[in-house]
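Shared chain: chain A. Partners: chain B in the first complex, chain C in the second.
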Partner chain A sequence: MAEVRVENLSKAFGAEKIISGINFEVASGQLLSLLGPSGAGKTTLLKIIAGLVRPDTGEIYFDDVPVVKVPPEKRGAVLVFQDYLLFPHMTVEQNVAFGLTMAGVPRDKRSKIVAEMLDLVNMKGYEHKYPYELSGGQKQRVALARALAVKPRVLLLDEPFSNLDPRLRESMREFTRDLQRRMEMTTILVTHDWEEALMMSDRIAVLINGSIKQVGTPEEVYFRPASLEVAEFLGEKKNYVEGRVKDGVFSCPLGNFPAPQTADGDYTALIRPEHVKISQGGETSDWTIYDVRFAGGCVYYRVVRKDLTLVCAANNTEIYRQGDKVNVSVDFSKAMLFEKKKNFD
Partner chain B sequence: MKSEKLRPYLMLAPVLLVEGWLIFAGICTALKQSLGHFPVAGLNGYSLKYYIAILKKPDFLRSLAFSFYVAFVSSVLAVVLGIFLAVLLVHSPRKENLSNYLYRLPIIVPHTIAVLLVLSMLSSSGILPRLLYVLGMTDAECAFPSLVFDKAGIGVILTYLWKGAPFATFMVYTILKNINPGLFEAALNLGASKWKAFFSVVLPLLKPAIIPSFLFLFAYAFGSWEVPYLIGPTYPRTLPVLAYTYYVSPELSERPYAMAVNIVMVAVSFLLIYIYSKQMTRARW
Partner chain C sequence: MERRFVNLLLYVAIGGILFPIVVLMLWAFAREWPWPHLFPTGFSVRGWIHLFNPTTGALPVLLYSVMLSSLVAFITVTLSLPAARALAFYDFRGKRALEIFILSPMVIPTTAVAMGIHVNFIRIGLADTFWGVVICHLLPCIPYGIKILTGVFEALGDRIEQQARVLGAGRLKTYLYVTLPLISPGLITASIMAFVVSFSQYFLTFLIGGGRVMTFSMLLFPFIQGGDRHLSAVFSLAFIGTVLLWVFALEVLFRRWVKKGQYFYM
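Up next, the complex of A and B:
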């Protein structure tokens, strides 16, 4: 498996800049997610790595060998497309064998590899079916087998799970991750789903507006986002509390909290709902439950005080009702402070 | 429910009845006469002797082969050219202009006009030989190889090509523009060269356009009379021209020969329809 290094990659279509100054590395056998909102240039970047789109500037290295000038058919970076793109006029077997046929692998060896691959993706017995006879998950697995059959140096997955229904998506994620680890396949996964990126990746590169904002492990990206932009993109519900740092203390409507090694100035604190704790309150409590959203494993509350609203994710051992008086405590050690951008207009 | 099913047939009935009657009555009459039942000429009773007779005639066999040759070559070339043009068209930024001039015009121009066009371009006193002579590329105007009335049927083939290629382009283009370009990319990505990707992925997907346009053009070229009559060689003649010669013979007793030739053409046409429906039901995807 190859190690991938991308250096200073840029691409524009006409006047429209798609990506610019892209740098990242994927260690051999690891899975890196390119995470970003739709329209961030993720698919273009993946196609550039596959050789289907030529970059304007920059270089890509597979094991330190530059590959931008290598045509796609010789590059060995195989893409699994979002809509699978199985060849509709070929059977499952012919689809999986396609890359091997193109490489001139003799027939007996070819059918051995095809059988192996179909076994790997649990699609034995479907050899002679046509793509239109398969379900989404089955097509997905055939697409995966077709890509793996050619023993790619790098596997590229373009939103591979987004067309699957939620339950199937979960099992396909697990399946793919498992397979990737077992085969130690260097993989780049494009996704707009932050949970998917967190669960599947060794490392995540966050791509927003055509440039990479942060590269790190899932924990790093989740707990220590490099910017408010990145933080906004990870996680569904968040609390923003404005305040000011002076002499290493952050003061905000929730109280004063230590903020060592933080320069003085105006800040926005981002507090994740799971770091807001609520407990049974009394008549004197400031906070009231405004609404309750029961999500099974956890319960989302919106709690209000005269000047503030917070979102809170609590466990389901005790369930509060709308209008209940509660006490709220915030674990500020997990809060993230971002300097407020000054407006010069 | 039942009336719903009948509805389309009922609505098409006026056309279908006229068409069906014309074709059915025509074929029946031809069949009867080809079997030698033609009371007007004093021929009665049925037999296969006219079929046997024409099958023994070298003229007929030569015409059959020539018809197949003209129809096959012209439709293969038209389809190949059509595929090529359709690919160009799909990648062209000015599709509208191209499609208007490139294929609409030849499709609406009738075959007889196409013959005149080809004649005025390629006959020994035509525009092309004169142009080449003026440019000093041929010694004399008559040095231009004869492309019309020629034994190889080049004039006929060119006329069918001029008419047929745009039709094939149109058919192929309609399917081609709906083929996901990602499939081509997927093939490249899996190690296919551009040519291999085209031949193993795009071309098979174009089958639903290629087969019918080939069969349609073949059937037309095989059965049409005016083009080879006007621009074809005097020998060999195509089947329709042969049938016509028998038909216009002052000797009414020649008529069964003409009809036997016609029935052979009808048989070939039905065979093509059979191949067509067979191929179309196979392409399920």
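Up next, the complex of A and C:
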């Protein structure tokens, strides 16, 4: 279980820059998510850390020891690929034992560790099955066991849950996070799923267009995104309200709100749907429910006024119908102001 | 309608393969088969006696030939492996040109270059030798070996090797424990192809071997040319049978290795 530090990592394939100037740290035993849209260079970054791709510049430290020149088989960073890549010609047992066999661990010790690992991932009794006989979730657990069997210094997971169906995905996430905590395994998880990143990580590094835009705890990244780009990427539905700050007051069509320590200028306020509250209104209410999307645990509404549309996530205790008149209040203390203007489509 | 058409094609194809073999079989036991008889008019095993007779020496030639072609197949696969892997996994300057160069023996007839090879082989003392023949047989075999194995490597992808590497296997161990077992079906196919191409070589063997290196196809050729249908048929059947037996032996030999469920996809 090592502490990982990445310094100024860059890589280009030909003229195409994949990642540039990457810096982050993962404390020993923690899980860091690399979150970003597809094509952001997440997998390349992971392969660089594993030693499969040579970076153009920069250095990686495992416990303060530089490892860029160390070949992958000696580095101790085990990568679990998105599609698990179990060796199809080996049984589950042989797969899990692979790393140990390669390291020359004697047979009796090997089979003890394999049994232990299979027990850990609840795959006892599958020792002599071949990968093609396993379901997706089982393959994933075997892949995890195979990676953990070699006691890696760093575990690298590349979109590990994206090939599973939603229900299994949820339980595998819990299972993996649980296992990672229990073994105090330093882990870097690559994902494009912001919910997954929020739920699983100790810290999140947001990777967009080949560079890291923000590193922080899930709460930090969600509530205090460093830029509109980051905010855009976290959360599905958002409200954007344009306005102007003058003398510490943000004025927008929704009203005037205090914005202390904010320089004067044009701003876009980003308001998350859960910070828009609606309540039963009367004939004089300005807002009308435009559409309703019942999502079980919460209900999404779109509410309209003559000049504005807002998305709102409300609890399911009271359900409004399309066309209902409602009152809307916005919790502006949770809103985020970004100076950069953006075109919305 | 369509189904019927497909069936018809199938019958034609099967007939096209079976009919000549049936004719060969009949000829192999025919003393004479004059027109307009539908079947041979006399029975004979003259050719078979000739084939198995220890003094006429057809069987030793057959064994020698099998050994030579097996060696050619082995060398072809050994040389094709690294080339195919490089072509499948790496991008480099001039890759396309190299590919065309490697496959060129498929389109340029060996006859066209055999002369030059012969002259040079005489100069370095390889003409009229076993190894001279082996080396020049590689020429038409290697393109097939590389082409087949490149396809196999491409289907396999390089990520499974990367997976082995991060789990602690060095390059050599990765190759031995992961790559080779996984591409073994392709190895067998490439070996068979190379064996058949080498086993059927007549012209190259004749020119480079100078008649001193005697392969089975060189034995077969004069019979066909001389119009002895009975002997030609017997030797042709022996030819086909040898290839089939060789393929079968290879499959049996590697069956342990090529297990069920061993696919590139999972």
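We adopt the following convention: the second predicted complex is superposed on the first by the 340 of 345 C-alpha atoms of A that agree within 3 Å, B and C clash if a C-alpha of one lies under 4 Å from a C-alpha of the other, contacts with A are read in each partner's own complex, and residues count from 1 in each chain.
We adopt the following convention: a contact is a pair of C-beta atoms (placed from the backbone, for glycine too) under 8 Å apart; a residue touches a chain by one contact, two chains touch by 3 or more.
None of the values given here were measured: they were computed from a predicted structure.
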Inset, instruction - Overlay done on chain A, so just call it for chain B and chain C: clash or fit. - result: clash
Inset, instruction - Considering only touches as defined above, state whether A:I319 meets chain B (first), chain C (second), both or neither. - result: neither
Legend entry - Contacts of A:E73 with chain B and chain C, given as first, second, both or neither: both
Inset, instruction - Pick one for A:P131: touches chain B only (first), chain C only (second), both, or neither. - result: both
Inset, instruction - Give one of first, second, both or neither to describe whether A:K139 is in contact with chain B, with chain C, with both, or with none. - result: second
Legend entry - Interface residues of chain A shared between complexes with chain B and chain C: 47, 50-52, 71-74, 77-79, 81, 83, 85, 87-89, 98-99, 101-103, 130-132, 146-147, 150
Legend entry - Touching residues on chain A, where the partner in the complex is chain B: 47, 50-52, 71-74, 77-79, 81, 83, 85, 87-89, 98-99, 101-103, 130-132, 146-147, 150
Legend entry - Touching residues on chain A, where the partner in the complex is chain C: 47, 50-52, 71-75, 77-79, 81, 83-89, 98-99, 101-103, 130-133, 139, 146-147, 150, 156
Inset, instruction - Show which residues of chain C lie in contact with chain A when the two form their complex. - result: 159-160, 162-170, 173, 177-178, 181-182, 259-264, 266
Legend entry - Interface residues, chain B side, partner chain A - complex: 180, 182-183, 185-193, 196, 200-201, 204-205, 207, 283-285
